[in-house]
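Below is one structure, written out as structure tokens; comments come after it.
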């Protein structure tokens, strides 16, 4: 397919879809598919279409994450601009007939707060595009970014455009994406690589997975644009072994893109070649760190390497390597299509654009939401996601998984952006946002994250390998009523050591949940130490063995 | 080949391009603490003991792997660094079972020497007392995991100098262990050439020659420079 | 110089008394020390009750519940408490048993996992032998197995003379 | 699928990667999906074919926790221990297996990414969602019905 054919295909597919009476899109992503049986629902809708003699007029297909994961399975009716949740097979005939009364109390309109409060850029195709049909993606403007880059722009201009957009890395560190691209583009090397970090090991984070399963072509297009800008011809998507559906969807998308000439030797019939292979992670959180990820792609143990040299200079097999997160790549095509000024108009001065959050825990509407950077936490949790269910009280929001901290009630109005969160000892991280209510003990939560880091430490450097064990041991002693105030000083000293001397981000960030809960919930630590009591009442110190 | 001039602990020094801060400091009489670094082996920057402060850098850098740059200003022994190094040694002493009194390497152990030089007179974290194996299956050598600090010198010397790659590291985190061949007994290894280089480079009493009793183990690491120079420069320097 | 002698005590807990032997290796300097010091409590002195003292040298780790009670008793009655020797500081040989559950240790050695733990004759063993500083605040540490006589003199001498305590210290 | 089929398919995977040592993890993934777990014999075969030292192959196989080095029990349960599932009561679910279904091989796993449906357990490949101990017992008993 060359440029003209792409535009032509887009036209044809759009007209075909416009001709339909209705398109029913069933969320075919992780939660809905694997757990809530959305595949069965699609089958029953197919049957209902036949029964009602509407094949060719009403069409059913899969689509990306509609955001209401807590009320899976979800289905969207295209022409009614409505999304229904908790859908069952028995609802199929009503969906096909477009009978809305059936879904009383189970309907979220685009105008309702849940969708109206959002600003969906990365998730724009959710509810419009079937992840397994490249034509759908093209009909929604897919690969137009790549087309524009190849036919109208020079690599330098593409890098400048990304720099001007103000986009920063969505993996958690927030490094300006444009600068990183520039570093790689500047390197003189016959071989360069573009890697998409889809390891997403944070517990409670499912944004990248949903984007990969819901709109894989968007990520491929972003990677191709990046490859053009930095001069790479080979790309890798490093996907977690724990999400086989994502691996399958990405492989299908790559096959389709290669068949349509959107990837491979002559992209869009131009002399730009770019191949993408999938590498499957085998279960190691540390491989989310870029040098450990590179070691894993090289078939080694996933142990990080000291930096400098940084990957843009010397990465995969020693060649200059660009590594960006799934969500970062998912923003590239819209920036190129609609221009950096449009993107920079969203978010705040320091943190441009939007951020996808994976809400979970004690919240009315758990799932995926995308809001401009800088949106206050309260808006996300209470205005968009329906707040904390009746009978529970908000205690804290935990962001960034085991690498970040918690945001207590008094900081509910903090604008969600890089710098403001760092100021209160937390960080955006990948975007996992778990709401914790009063029944959860923060000391136990800190121990849970430390146990996670202890199990996932690669064991190469001493501060992290031995430090996590000692911090976990100390937290365990405190919870079991055998702690002392001196233990709090020991925790602080170990945290200082790990932050200053650990070889990679895992060790540096492992103390964050502990120090953040210590800062905001010190009374719970003291209650465990002095009164052997859990203020939240959830972790009764089972083996409360006081020293005889 | 323009040399790089830089300042380390207030002294002006010069080093060849690409030479590490550690080597330049060492050649000028400043011995930065280290455990996983050993001249002649590629560096991995794992033990974090040789971290130094470099002006203009927000993070501490491993001196063993950081090449000198013109005009660098380096501090190798600030109070903060000493505090970090002491706690790292304490973490090591508590991680496994380092009972110096009954160890073959008593008196000749780099970890013991480092604890002394850093003034570690007690360990503030709780001793873990893990249960670790001792592999005596090799006819001439033994491996005591209680004394292993996972510095990976044995892995590197076996891979780079001998070339047999009998050793590697298995498992992960605090369960990581040095493994031989298929994670099987050292004596049954088909890769091992019994050259004993790993025993000589091991900083503690983990790898030892059989027959050495308490305090009798003496290791000679000078062979490493001798062989590396012989292979690379065809000079046999005694 | 007032002739009030510094009140010294030495205690022998979960250790092999090698440190006390090394203490006796001070040989003739013991006489000089005896002039400045009154040995109020020690395995080598006949005293039943641990009195108020200025300096206590405690050899050996906390291996049983009696040790635990005793160390707290001592801590309350001494101004300066010195962890004397590797066992007191790291658990050393006595703590080698810690990497094996206590029941297994006893059944391996005595054929009965609760050997001596129930008749109320022997003090009940702690699950893990502990260094002193895990139970009480320790003022000075004197590592070594045993610390040499010179090192003991160096530390005790500096304390008596009120000079700062330095001098390199070494395990093993 | 016979053993020769499995051997041929594994050979094809290794050939596709040019028998290069860098493809070790991809090959181990294929080997495990074909044979169920990575037996010593299988690791030896991979080490020989990819011209890698055995200790490196075992080092990699033991680093990643999705690689199984022992045969899997007839019944497999993966209790998701992500943050949302943990705070929603996953530890109690793990205890259900301990008390009621001791012959099941229970693995406490990393976050699977269905946090909206917490707490979650994957029983013999089938995800069970929004669980309580009682509901889990019922679901597992249903699964065990012939």
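Here the chain labels run A, B, C and D in written order, and each chain numbers its own residues starting at 1.
Criterion: a contact is a pair of C-beta atoms (placed from the backbone, for glycine too) under 8 Å apart; a residue touches a chain by one contact, two chains touch by 3 or more.
Just so it is clear, the structure is predicted and the values come from calculations on it, not from any experiment.
Of the two chain pairs examined here, A-D and B-D, it is A-D that is joined by more C-beta pairs in contact. Taking the mean Cα position of each chain as its centre, C sits at the greatest distance from chain A. Note: centroid distance chain C to chain D, computed from Cα atoms, is 52 Å. Distance between chain A and chain C, defined via averaged C-alpha coordinates, is recorded as 57 Å.
Separating the centre of chain A from that of chain D, both taken as means of CA atoms, is a distance of 24 Å.
Annotation: 36 Å between the Cα-based centres of chain B and chain D.
Among all residues of chain B, those that touch two or more other chains are 124, 126, 169, 171-172. Multi-chain contact residues of chain A (touching two or more other chains) are listed as 284, 301, 458. Across the assembly, chain D contributes residues 56, 59, 63, 65 that each touch 2 or more other chains.
Every residue of chain C that touches chain B in the complex is listed here, in rising order: 83, 86, 89-93, 95-96, 98-100, 128, 131, 133-134, 138, 141-143, 145, 168-172. For chain B in complex with chain D, the residues that touch the partner chain are 159, 164-172, 179-183, 190-191. Against chain A, in their complex, chain D makes its touches with residues 20-26, 28-29, 56, 59-60, 63-67, 81-84, 86-88, 109-118, 120, 127, 129. Against chain B, in their complex, chain A makes its touches with residues 284, 301, 305-306, 308, 454-463, 465-470, 473-474, 490, 493-494, 497, 500-503. Across the complex, chain C is touched by residues 93, 97, 99-103, 106-107, 109, 112, 115-117, 119, 121-124, 126-127, 129-132 of chain B.
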